[in-house]
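Next come two complexes, and both contain chain A; in the first it sits with chain B, in the second with chain C.
Our next item is the complex of A and B:
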């Protein structure tokens, strides 16, 4: 038993902590991992259900979460993605905590609960006992779920994932302002569809990182630069979003975007202090 | 547009949702949440665009709560992610069809967003906005048809009008509510005149 006492990481219900089900996905955090001033983030990925859904639920969900999952009146796709999202987020938190504190948590130690605005939070008695508070973000698309997690003094993290295999041409009229559409139109034709999704992911990733989603409107997240070579997208907040986050006035928020096969992703890690 | 009942709007809206999400239209029930039907963010945009096109309306891009907070100022309707009593009053006035029990105790902003994602909530919003879309030309009485962007054009005389946006209509409703319900209450209450936001229309 570790020095933290017998209660923190005892396998609950007499079980051994189950193995990790997800794999580390380094690509979305590659740019941030090189920045030594920030805590190293971790991204995990789960492609499809690794077990039958009911078995996976019993393995990774707390009793309260399992009750929520079993009572969900949703299509199978939604129920599976919700479950996958929890599973992958718990794996990311487990890996981070083990690396940081040398303690292997069970997924049943970790509750994934939305805050009043809907942003997921990792909770459990271990946060106080170990003195850690992971920041997490979850995304899923077409059966793949990813989670971004980091420790440290409250960085805001956001990840978004979209799939290129379902062409959507018309969303740009709502998703982007005229000058953002001009920016896209100036890109080489062969990059346009992919970059339309990258820019969308960048907006959504930042909206998730700040914790209010698009409640201030999509156009409140404005793209100011997009570098096709590095995948870096810069955004600034406008209008109502600035009322919510006045500290981010005139601040350029960076999103790192990339593509792996048909998956397009964006990650944002905004240091604490830049936003309240 | 000619007046549409809630049932008529639903009958036209449900196939839009079913097509976008590739599900059976029978699964699209008024109480279902679009996200529970499998909608992701881009699906919601697709549903928005198709709905605007079919009903000749201009849906708001932010929630009524966000618009109301802009008018009232911060911390009056919502504080730390929960509706205040003033916020609950406004939402109950705005959503008279909602179960009042949903506004008892703590009401988190995320719960309100879940309500806004219900099929039935969308149907009522579409119905309300469609009532502002003219079916006949004000100049000649001819039939109005959809034109480019958010415009309608008279099939007889060619006169064009720009549709009023959901955001503009929401703001008008909030400002009217603010004057009628909030300011009058403040004038005669203990907090008379104490909370007039700078951005409120006087």
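Our next item is the complex of A and C:
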């Protein structure tokens, strides 16, 4: 053990690692996994609390995280989502690191900490020791949590998940610009509800990947194309988002969207330097 | 006729309860409840809520800007503050505490 706590160099490290709680969910990364020039991303999914919440917290949270979770002033729904998000993100990082470096981390070695703008980061002394720095994104919707993770040289990743089964009144007037609403209106009627949610997920996934959320405004993430066959959505930044990311002016950002049963998702993996 | 602040609050509490009624973990909502951490809204829920408010009062309001502002400040919003926001855009005098950024 060093000053930063237990590390991968402390035998019998792997013996202490509890089993993974999440399962790999290939669908959201299917498009990116086919691109051999990029490190393979990984998406994990956890449908509901696998253990009693307090027990899960003790199993997967670092002491600092557990303190944050236990003192969190939030409704139980939010606290459960936070816990579930940490659990699934740590599993995704563990799987990636084991595949890449052959080392089985414990969830207690992986801290999930927000950066100054709230984007989650995986931290721990193992990042320097193993020479890896996973990029992660977390999303949850009504009891299901997902985490997208990848290695490589600083890609920005964003995932968003929404539940189609959840009754939603219209949200299009606020979420979409007139031409985005026209794009939706031109789609076959049977696809409209699903694609309204896909386009929302695409905006939110890109907003998360760039690391500032919707602080520049929802319509600053503008849909320029949506291919119902492939699920690919193209976006470009407008207005205040360009103040934050001027180098992305006229750059098309791709989001891969899909649906599995009632879950709609969007995944974005943006190359290094996109948020400089 | 413009609704009173109490009528706006009553409407928002009813709407919020409708929105969260089938959530497993929903807890009682009051004027000081925080929309995201205490009511448990997701960002899309907030957009749905904003759209419902606009439709109910038949008045466009800059909800996207409000959400952007609280996102930028990384803070939450109480239902009381949301009442201020709705009241403002229904024509009340501008309260100093309402956070609203107009499109530039």
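As a working rule, the second predicted complex is superposed on the first by the 258 of 276 C-alpha atoms of A that agree within 3 Å, B and C clash if a C-alpha of one lies under 4 Å from a C-alpha of the other, contacts with A are read in each partner's own complex, and residues count from 1 in each chain.
Heads up, the rule we're going with is that contacts are C-beta pairs under 8 Å (C-beta built on N, C-alpha and C of every residue); 3 or more make two chains touch, one makes a residue touch a chain.
Note that the structure is a prediction, hence the values are computed from the model and not measured.
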item: Combined model on chain A where chain B meets chain C, clash or fit; value: clash
item: First, second, both or neither for A:26, with chain B first and chain C second; value: neither
item: Contacts of A:174 with chain B and chain C, given as first, second, both or neither; value: both
item: Partner chain(s) touched by A:115 [first = chain B, second = chain C, both, neither]; value: first
item: Touching partner for A:200 - first (chain B), second (chain C), both, neither; value: both
item: Partner chain in contact with A:215 - chain B first, chain C second, else both or neither; value: both
item: Which of chain B and chain C A:143 touches, first, second, both or neither; value: second
item: First (chain B), second (chain C), both or neither touched by A:246; value: neither
item: Which of chain B and chain C A:80 touches, first, second, both or neither; value: second
item: Identified clashing stretch of chain B versus chain C [77-85, 95-103, 113-121 or 185-193]; value: 113-121
item: Those residues of chain A which chain B touches in one complex and chain C touches in the other; value: 72-75, 77-78, 117-118, 141, 162, 168, 170-171, 173-175, 200, 204, 213-219, 240
item: Touching residues on chain A, where the partner in the complex is chain B; value: 72-75, 77-78, 114-118, 141, 160, 162, 168, 170-171, 173-175, 200, 204, 213-219, 240, 243
item: Interface residues, chain A side, partner chain C - complex; value: 72-78, 80, 117-118, 141-143, 162, 168-175, 200, 204, 212-220, 239-240
item: Chain C residues within the chain A interface of the complex; value: 23-27, 36-40, 42-44, 47-48, 50-52, 54-55, 63-65, 67-68, 71-72, 74, 103-104
item: For the chain B and chain A complex, residues of the former touching the latter; value: 23, 27, 32-33, 35-38, 40-42, 45-46, 48-49, 61-63, 65-66, 69-70, 74, 80-82, 108-110, 113
